[in-house]
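Scrolling down, you'll hit the structures one after another.
Two complexes are shown next, each including chain A; its partner changes from chain B in the first to chain C in the second.
Take a look at the complex of A and B:
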């Protein structure tokens, strides 16, 4: 039972969604965009969230699209992770998304919900951070497309009321060799202590990480350092190369997470150029 | 645009029957099935999406009904454990004693039913991946897995 009240809206177009969001805000209410509901319902039930209205985006055509076209693969933000995993276009995304929650939850949990959610892991963003993807965002001014490099910093930088409609990935990036490592404390259906994903290009290794800090990030300083230093040197100055301090919580100490990351980094570097779509 | 700001009467398609039910925007599917339609086979366990005791099928796909608003189920086909009768999967759970206290059993059976319909030749890795969505606090996992394998063989 949910012991608080909210209204429910199911717009048919992104413009309707943006308009009703703005209207509710102007009435002093707190609306939330809603897709799979796995996080919003559980957090609202625990009264960790107190929305006045949920705006269900699952009927919006752009949010449900999944196709390859020209140079890009397009993923709608309201696609359940199961559909994302089954799509044959981006093997690293399939592998990473498969580790989120459990199979039944993934039948509801959406790509946009995972990436824009409140939990600190948001693992499905890792392949998009590595592939220099594009974010298609709906706003009251229409639809705009931004590079993930500008649209993401610790989380998606959406103005309140903006809606992530789609993520687009360059096909050549999606086909790059990759490797990923996920470590949990309590078995595979658990939040990650560490999830590190890498893609390999001619110019070096690209690295994105979840679980290590309070947010998922593209580890560009480590990528650069690996080009000019031996691995051991990079590992010894890890704290200088991370975007924030290493997380410490009831699951693991910062020291333990750091050690896991250094082991993962060794494995990822050793795979450099060797593993294709493994 | 569908708006639900107060209570309203909807029709839910449950186990092949149309059921008229009054829904509010905050009503969770699990609670509506149990409290308004009397279908108590789906169980409230963790109510956090972890345990799978509340599993039902939505258009044949297993979902956790504690994590879904009832209004979202309008225009979809809902199958609860009461909608299955004398299936090969249920027989296999009986024959392999794939339950102990039984609280988790409806979730396991519905998940298995969907799995074997979608992937009749599912291998061990796939079966494990699907069953990880359900928790048996009695830890009867070996017998449950045996029941799934028996059902799979009997369906061939």
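Take a look at the complex of A and C:
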């Protein structure tokens, strides 16, 4: 049971949602966008979070959609992961999203919630970081569409009150060969110590990583280094190529995470062509 | 005449239809409009002085009836050692310790008010392990220990952090050491954790105007609760009624006394009104007691032929902030300290030590899963040093009838056949096909074995009782004090009764709620002793019933009472079965055709009290504390990836000598459940504590337990060497299946990586560090 009181809104449009957010903020309140609630409920229950208001985005049409749109596939941010996984368009996304939490939780946990949440893993973003994808963001000035390359750095760069409505992925990149490796402390239903996802293009391997550092990232420096040098050299100078130091916490040491990453790199590189449908 | 043969058949549990359809009412399902609700405020520090506590705002919060703090209840409670007040006074000793409680009209109002209580703590140095607790200059966590009440069987050492020390001195260590050609010495450990029973603990208490105290509790031990409530609060025992409904898993965590004392005090503080106190999952994990942590040092010696000559053992049990029930865990571990091996010279100091960890209580296996981990690892280390097969070394030293236990009591002719268990488990796991196999893909298949023994660790006067009453159709109601905790005890007892009376199991009705005012006395549903002890009482009650039925029938049938017998719903002359009456014609009194009634109703009474148990000699541990020993051998097969040391448990085998299997499906289920629990314990579980002693995984999102999809293939078998005094020759088997598993798993993984793995949980990282030679 959550003891604190909060107000609850269920707007029908994103415009309404953003207005409510702005209004509440101007009243000095702390609103949160709410969809699946798996993170908000568990954190509020532990008194780690005290929202004054929850703005439920599940009724907003844009956030519920899943459709093909010309060269793109469009995923609404309030889609439960289960729906995202079952959609046939983007095999790597299905594979990666399937590793988050367990089936019962994935029936509630949403794509946008996973990607914009407070936990440091946000694994569902990895496939989007690897493909030419676009973020559709609602703000008080209307809807804007941005390339993920500019919209994401360690996390989505959203102004407070902005709402991620959709993610669009280019069909061609969604169909690229891929491989991914996830490692946990001991048992698959747990946060990742490492989750490395790769896509294979003519110009080389693309790599995105969660669990290793304090945030998920596209490993561009490593991608570049792999083009020019042999694997071993890359593995020996990881510190220079990662965007931050390797995480050390109660789940695992930085040393072990680093070892897992090196093993994963070897495996990803050895796959070369990847798998089209794992 | 039908021969029912109910014993030995997989009768479906009587409660199953209600359980699988969600109709069983657990304690938190009970609700009434007059009920008040309580919420706990718990400590955010592991060790701190409570500098101040401000309850004003909470007390003024809407719907609040009372806000109470430790100072309101300056009363020590405890089962074996009274070391704990219901709420912390002046200082907190563990993260999650209750410091205040709110009683309010609704749960919501209580929770809201609890958040408004302001506590300021002044942190104190944290005692982070039992070995640190024993160091010179370590903070003394219980300065008042000398004043604590305790039972005579335990020996606290005031001025230290030792809540109990049990000493075993058998034979002569020095000569054992001299006789040894090979000696191994090593250390073993694991952190404290939780049982993770599906149902969190709860209590509902009210005090009626006439003084009657009614306690509903998720308890495995309603009679213990009654006795302790009477003792601690000076209530007449007859004025206390404890009601124990079926509970959603106990595993020892609901034995002893838990929330009942506090719930009673809360009711008292609001004029006796009914108060419900229910743990949240988080509180059930850390505020209420969990499983004990452990540090052990083992020195084990053998001749070059592999004959064990001595064991020198030091066990430090990490009981956390309070010892209470756990003082008996360290004692039980001393009693069985060597594992089921013939060792003539034994020295063991088994200590229950205070730390600033969440406190501990009974956990399935009760000290044995701990000692067995240390012993079974040591046996493997010794086998390796001897260059001997680990299974052969176990066979060579397995106890048999005539050997003595560490407490110097002789194993009688009822002793189970451990060598047969070892041989059978070896063949189930295909030990002879190799214990380390390298696969083509680089993975390694490895096997490990562990043996077990366990006797109930219980008071010498532990007892059980049964009362049988009849219905008009000749069916029987079985009343007893054993609590249904998911183990299927009511079905097992009904099987014994149906077998004895040669009647249909469907004609035996069981009563689920145990009510201490109505049910016959029973020690507790713990120690794997219920089917044995209450079973004996049920058989005694069945004999009493037969005697009464035959007595009345003898008059009606005009034949000698001793010529009559009962079966298939009939009372009849043994050698002339046509001379008979129906049981239902006699059970509520026989009525002659002219209306005259005789005999009256039959009420069967049965009882049992443990046979010839004694206390231990405080100097050397000599005594006879064990009712019956269940023995067995278990084995695990793993498949390990040597690159990152992740592994899969592929097969788990278990063979125990249980005397007689009463219900094969329930028995198999108990053993599989035990193994799953032990694999979880050994591979995943344990509190993750930071340097300030705060638990980092106090919810089920982060406290990981074995999931359904991670279960191995189970290979379960039983040996049946009858226990002479057990019902139909049976012995207890509820806990035993956990005991050998952590050792077997660690042995398999150690073999896979070629490095000793002596610490739990066995996470891939821990294994990898050992393999790579990292600290």
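As a convention for this text, the second predicted complex is superposed on the first by the 277 of 278 C-alpha atoms of A that agree within 3 Å, B and C clash if a C-alpha of one lies under 4 Å from a C-alpha of the other, contacts with A are read in each partner's own complex, and residues count from 1 in each chain.
The definition used in the following text is that a contact is a pair of C-beta atoms (placed from the backbone, for glycine too) under 8 Å apart; a residue touches a chain by one contact, two chains touch by 3 or more.
What you are looking at is a predicted structure, and each value in this text was computed from that prediction instead of being measured.
Colleague: Figure out whether A:10 sits in contact with chain B (first) or chain C (second), or with both, or with neither.
Modeller: first
Colleague: Pick one for A:1: touches chain B only (first), chain C only (second), both, or neither.
Modeller: both
Colleague: Between chain B and chain C, which one contacts more residues of chain A in the superposed model?
Modeller: B
Colleague: Tell me which partner A:116 touches in the superposition: chain B (first), chain C (second), both or neither.
Modeller: After superposition on chain A, A:116 lies in contact with neither partner.
Colleague: Which partner does A:42 reach: the first (chain B), the second (chain C), both, or neither?
Modeller: both
Colleague: Once the structures are superposed on A, label A:256 by its partner contacts, choosing first (chain B), second (chain C), both or neither.
Modeller: second
Colleague: Per the contact definition in the header, classify A:189: touching chain B only (first), chain C only (second), both, or neither.
Modeller: It touches chain B and chain C both.
Colleague: When the two structures are overlaid on chain A, which partner does A:124 contact: first (chain B), second (chain C), both, or neither?
Modeller: Neither partner.
Colleague: Both chain B and chain C contact which residues of chain A?
Modeller: Looking at chain A, the two contact sets intersect at 1, 4, 42, 102, 189.
Colleague: Where on chain A does chain C make contact in their complex?
Modeller: It is residues 1, 3-4, 42, 46-47, 102, 183, 185-187, 189-190, 193, 250, 252-253, 255-256, 259-260, 263 of chain A that touch chain C.
Colleague: Which stretch or stretches of chain C touch chain A in the complex?
Modeller: It is residues 107-108, 111-112, 114-115, 282, 643-644, 646, 683-684, 688, 690, 696-697, 699, 701, 704, 706-707, 710, 761-765, 768-769, 774 of chain C that touch chain A.
Colleague: Per the contact definition, I'd like the list of chain A residues that touch chain B in the complex.
Modeller: 1-2, 4-12, 16, 20, 36-38, 41-42, 45, 54, 56, 58, 82, 101-105, 107-108, 188-189
Colleague: If you look only at chain B, which of its residues touch chain A in the complex?
Modeller: My answer: residues 1-5, 25-26, 28, 31, 47-49, 52, 55, 61-64, 66-69, 71-72, 111, 129-130, 132-134.
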